[in-house]
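Quick heads-up: structures coming right below.
Below, chain A partners chain B and then partners chain C, in two separate complexes.
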Partner chain A sequence: MHELDLIIIGAGPAGMTAAATAAKHGARVLLLDEQRRSGGQIYRDVGETDSARPYLGKDYAAGRALVAALNAPGIDIEVDATVWRVDAGPRVIWSRGGKSHVTRARHVLLASGAQERPTPFPGWTLPGVMPAGAAQILMKTSGLLPRDAVLAGSGPLIYLIAAQMIDAGARPRALVETQSPRMLLRAARHLPRALLATPTLLKGLGLIAKIRAAGITRHIGATGFSAEKTENGDILFSFTAKGHRHQIATPLLLTHQGVVPSTHISRAAGVAHEWNEAQQAFQAKTDPWGRTDVHGIHVAGDGAGIGGADAAKAAGRLAALDILHRLGRLTEDARNQTAAADRAAHRRAMAIRPFLDAAYAPLPEILAPEGDTIVCRCEEITAADIHASLKEGAKGPRQVKTATRAGMGPCQGRMCDLTVRGILANCGATPATPRARSPIKPVKLGELAALTSHKETSP
Partner chain B sequence: MASGTSDIAIIGGGVVGLSTALGLLRSGRQVTVFDGADMDLRASQGNFGLVWLQGKGADFAPYAEWTRDAVAAWPDFAGGLKDLTGTDVALDQSGGFEFFTDSEEFSDFAAALGRQQAVLGNRFSHEIVSGDDLRRSHPGIGPDVVGASFCPLDGHVNPLRLLQVLRCAVLGAGGRLVTDAHVVDVQASGGGFDLTLRDATRVTAERIVLCAGLGTSALAGKLGFRTRVRPQRGELLITEKLAERLPFLSSTIRQVDEGGVQIGGTKADAGPDDSETLEVMAGLARHAVQVFPALADVRVVRAWGALRVMSPDGYPVYARSRLHPDAHLVTCHSGVTLAPLHATALADWINGSVDAPNLEAFDENRFALSDAA
Partner chain C sequence: MKIASRFLTPPEPAATIQLTLDGEPVTARAGDTVAAALLAHSGDASRLTARGAPRTAFCMMGVCFDCLVEVDGRPNCQGCMVQVRDGMVLRRQRGPRKLMGGAQDA
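Up next is the complex of A and B:
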């Protein structure tokens, strides 16, 4: 039986790059991903769609090379594999087709990426309102095109999706953007540094030019979102911009307030996290190689702070190089020399972040909603419920959770942890990182029971 | 904010501290409850919610009697809380099982219930049911179950709602609740007590009741108590909500009123570590599927560990300090079951009323001084 050197969780840019790097230096790698195919969210199904969906663009197609590089000796890929627990040691417990497996390796790299920030406002849970990123996933996986949609929120992804929709012949009805000229002005002080990432900036300007050329209505500085269902099943979307209340009826309202690190798995593994004030999100705490405070566990990519695909690729390589060094396959000098180019690439990719974080910061009213707005979708807990628990003396995420049941449903707080945190912070608390417990994805009792006689596998 | 003087200071805002506070408030005292930080170890936020009699005090008659009184007092207590706060704690006392897959454990437990029956006489009843009889009355029970005991007096509540309702009841009865108030020091001074909070706030109180759960040991010695408590880890699973009701309640498998099935009952000495562990999670799942095979298809959404508060012999401690008679210590690991008595008779005992219950058997003089080392 050969011992596995490395288990990588998540086959996005960070995970795929790390797998290829580690295998190139002779490490035995197991790459696990929850989806049917490698690629992550950004390159979802990129190995399959070929040229059939050209509107997804050149950057998307660039993922094809990463997927192709996985076809190398030393890399085993398990798709449709849901990891539901990671132990120090380290070992990974993952499920596929109703059977759980316990796999041990010398190192584990968590590359679970990002998820969309929840966008709570009155009506956000109605059918017909969905996250813009989720709609983009549908475009990638099934070629489903949103018709007459309204894109609402902010962030580079909104422009990218709008441009992709225009190219696909499914023009959005309007863009309702929450960033204001004042926010852009405040962000401008980060522009000199962002110039290091000039190609990215130019790409963004190109997207905006395309939207403008297509004559799509843009509202800027929008606040006060609310959605209602109309009689014919459409969404009536209301917002305030330039001092006026506006209403647009649309079959589909796509919302977006940026992405945040997906930290459920790293928190449940006991990794220390920190609050990123600029990005308004928790992130795994790592050293420059992606190493965490839990022995044998590295984190690379958006899970350790949002940086985008190029930063994730560099971080995946850096983590792999460090792990190779720890495996005795690279000397310290070799690791450091090889890493120099990746460090530079990482720095370049991150240069634009302070600008983006400031320019497209989420709205305060989305971070800390009030009144009847649903905070926890699973348990249908409103912002008012959270406020009531604070009035009764709750001082942190744990007491809020046990008092209200927010975060106790099937998603275990993935959709509401940040909102609860926002409300707590708004009320003067300095909330700790909420704890996550396994199983991080639901697992059947029968499947769990079968583990009492489990054998640890090491393929 | 927390500074000032109060008649009685209760250190600990869990189920035990809040129940005790409620009783004292109802007896006319002025009470301030000092509750710790959000991330403190809190048995009241992780427990199973049983209101349970069978097996309790089989070998310690005072505990059997005290628990029996508490179980009998629960309906009135729950009703009173609902009147005070408008919230139902979902009390259900329709009887509970203890399931066995091991014949020896089954006969040992049956013998213990026999002893409990001898102590409580007609105030207790139980049945010992063979596996086959059980499967006739409850067709879904699995073939590995060799037998069960059943006590018609057993039941459960929603423990998180109980905690929340107690908070509201204490506030509604005029109590003060100081949150994020970790008491780091307490000293007797001039007929009263000086408390120091972590943020250096100083508070004085004429009397003190130490109900700090696993925080008890750190303060007990300063008040002259010899009681020390230790953590005992229990692990639990909770499933997705089910539309159907589970046809039984047991000490290890119960369906909460919201619909999820909770599975628990493990014991481990793991120090202050409240992690959930893979091996125990798998063992709990196997137990549930053995008892009721239809549960195999139900999904677990969360596992957690919680730490029980255990005295050296596992029984409650109600003690008055020999050095400082106005300091009391209350600790137990059955804070839910005993809550109705903590909210009534215990106040009489703390107040020194003539009709106070005799709690001599629960004094800490049963522990050797060396236990406090």
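Up next is the complex of A and C:
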């Protein structure tokens, strides 16, 4: 007997639309998120900030409707709820305030989204160096504005954040962009397809126009990032562009090389994953409905490959429709008919990806750093340490981990898995998907012990 | 030397609360996370690693664990996931975390 039809992990665009869709057709849904509010990364705290931060823009404000739609019969929401284990069955274990809860349902949808790609270069661990999206989270959740910051890297998000900073009156001092004219040229062959997503393209051009109009210095084709601390605590940022070495001192260096799927939860649940060469990341393997190879577990949104919020919304609905069908609440025909519009929306949203992936691909030196650059922030393991373990015979991610301790800290490889993979690939290996194990977030021993002694709970 | 915050405090009105960091009084905006409050307070490290390297909160989304801080006597709290409270006692952690990837002692 299952009281719940569906547990959704992640209240981002994918999880929110899935919850609303499933509940609309009568399913009982539990939506879990480890953040304190629904919204996901794009809409962090959108339900809270009303009009106090207009500089975050219309696309951000649009998230409010998704959050509001969760206020529907059939949807229970638990925030501050960190899921640390998902089993076939399906069974979900989540923790809040030092106490774990076990919840079962007939289906589980993993909608855990994306994180920013770690960007290792010399000095990236210094106070004053941060991912650009992290600074944007501070803007969304606290109204804090980056002071005289430099944005460095590439990707659509960096333009959006620059524009938001300009509108907020916190102009970035400079944009140091890693894409080169040659990368853009190579990406141009994907443009015909990207025209399907013309509104998105136009939005991007609008952002770039705003940055131009604000007179912000842009360096293009930058490589060779490095950061040092100055005497007053600022960051001295060095890079090479157009054959010259440049230096800029700034209180805050904000880096970005795109986002990558958050896959610890799906990997630990035993779901098959694949390597996405264009996006340089692992992603959960799904069919067009979001089904995985583990019975009862679907994946939707950025966790199954980066597609952005519109694609995530469509994927969330598609997964919900398939789950409703499996629950016996929708016939196959009804599922397919309702899905047609979402399928089209998904296709449109994905049409721009090949262009973006090629134009804003991460730098090879960020994917596979060398020398003293720290790869594993938790255990302070350098690229040279990884290379040494390879010389001593390590062949795959597991052996590198055992030999160096890279990935054994509390982040469990979230900040270094991809870099270890990049170094392995650079050395001619074809590395397997790294393993992830439950608990996927640190859980206190006392909490684990209490769990085995208490009965399963339904919130 | 105290390093100025790398962020501009928002012009929005907000209720404030008091907490302490290593015994020093800190004024924070109600509703902020501990990590946001510390970043708004100063540009200095909020943690030293096992090798003594300075770190501050990094990802702001619960992924990197660079924001670990002692909250009211409990070590290894993720500052970006905990909200400030009036009277909160924060301590910077120095050196090894005594915290493994799996289970955690506290």
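Quick notes on this structure:
Just so it is clear, the second predicted complex is superposed on the first by the 456 of 459 C-alpha atoms of A that agree within 3 Å, B and C clash if a C-alpha of one lies under 4 Å from a C-alpha of the other, contacts with A are read in each partner's own complex, and residues count from 1 in each chain.
As a convention for this text, contacts are C-beta pairs under 8 Å (C-beta built on N, C-alpha and C of every residue); 3 or more make two chains touch, one makes a residue touch a chain.
What you see is a predicted model; the values in this text were computed from it and never measured.
Judged by the touch definition given at the top, the superposed model places A:Gly428 against neither chain B nor chain C.
When the two structures are aligned on the shared chain, A:Lys395 is found in touch with chain B, with no touch to chain C. Touch criterion met: A:Lys444 reaches chain B and chain C at once. Touch criterion not met for A:Pro181: it reaches neither chain B nor chain C. Once chain A of one complex is fitted onto chain A of the other, the partner contacts of A:Ala170 are limited to chain C, with no touch recorded for chain B.
Once the two complexes are overlaid on the shared chain, A:Thr125 sits against chain C while remaining clear of chain B.
When the two complexes are overlaid, the chain among chain B and chain C that reaches more residues of chain A is C.
Contacts of A:Gly243 after superposition: neither chain B nor chain C is touched. Of the two partner chains, both chain B and chain C are touched by A:Pro410.
Residues 408-410, 412, 437, 439, 442-445, 448 of chain A lie at the contact with chain B in one complex and at the contact with chain C in the other. For chain A in complex with chain B, the residues that touch the partner chain are 85, 87, 93, 102, 270, 392-399, 402-403, 405, 408-410, 412, 431-432, 437-439, 442-446, 448-452, 454.
On the chain C side of its complex with chain A, the touching residues are 1, 3-10, 12, 29, 31-33, 36, 39-40, 43-46, 49-51, 53-66, 68, 76, 81, 83, 97, 99-106. Residues of chain B touching chain A in their complex: 13, 35, 37-39, 42, 45, 160, 163-164, 167-168, 171, 177, 179-180, 237-240, 258, 263, 275-276, 278-279, 281-283, 285-286, 288-289, 295-304. Touching chain C in their complex are the following residues of chain A: 34-36, 41, 52-53, 80, 82, 115-116, 125-128, 130-131, 133-135, 137-138, 141-147, 149, 170, 232-233, 251-252, 262, 377-378, 380, 407-412, 414-415, 437, 439, 441-445, 448.
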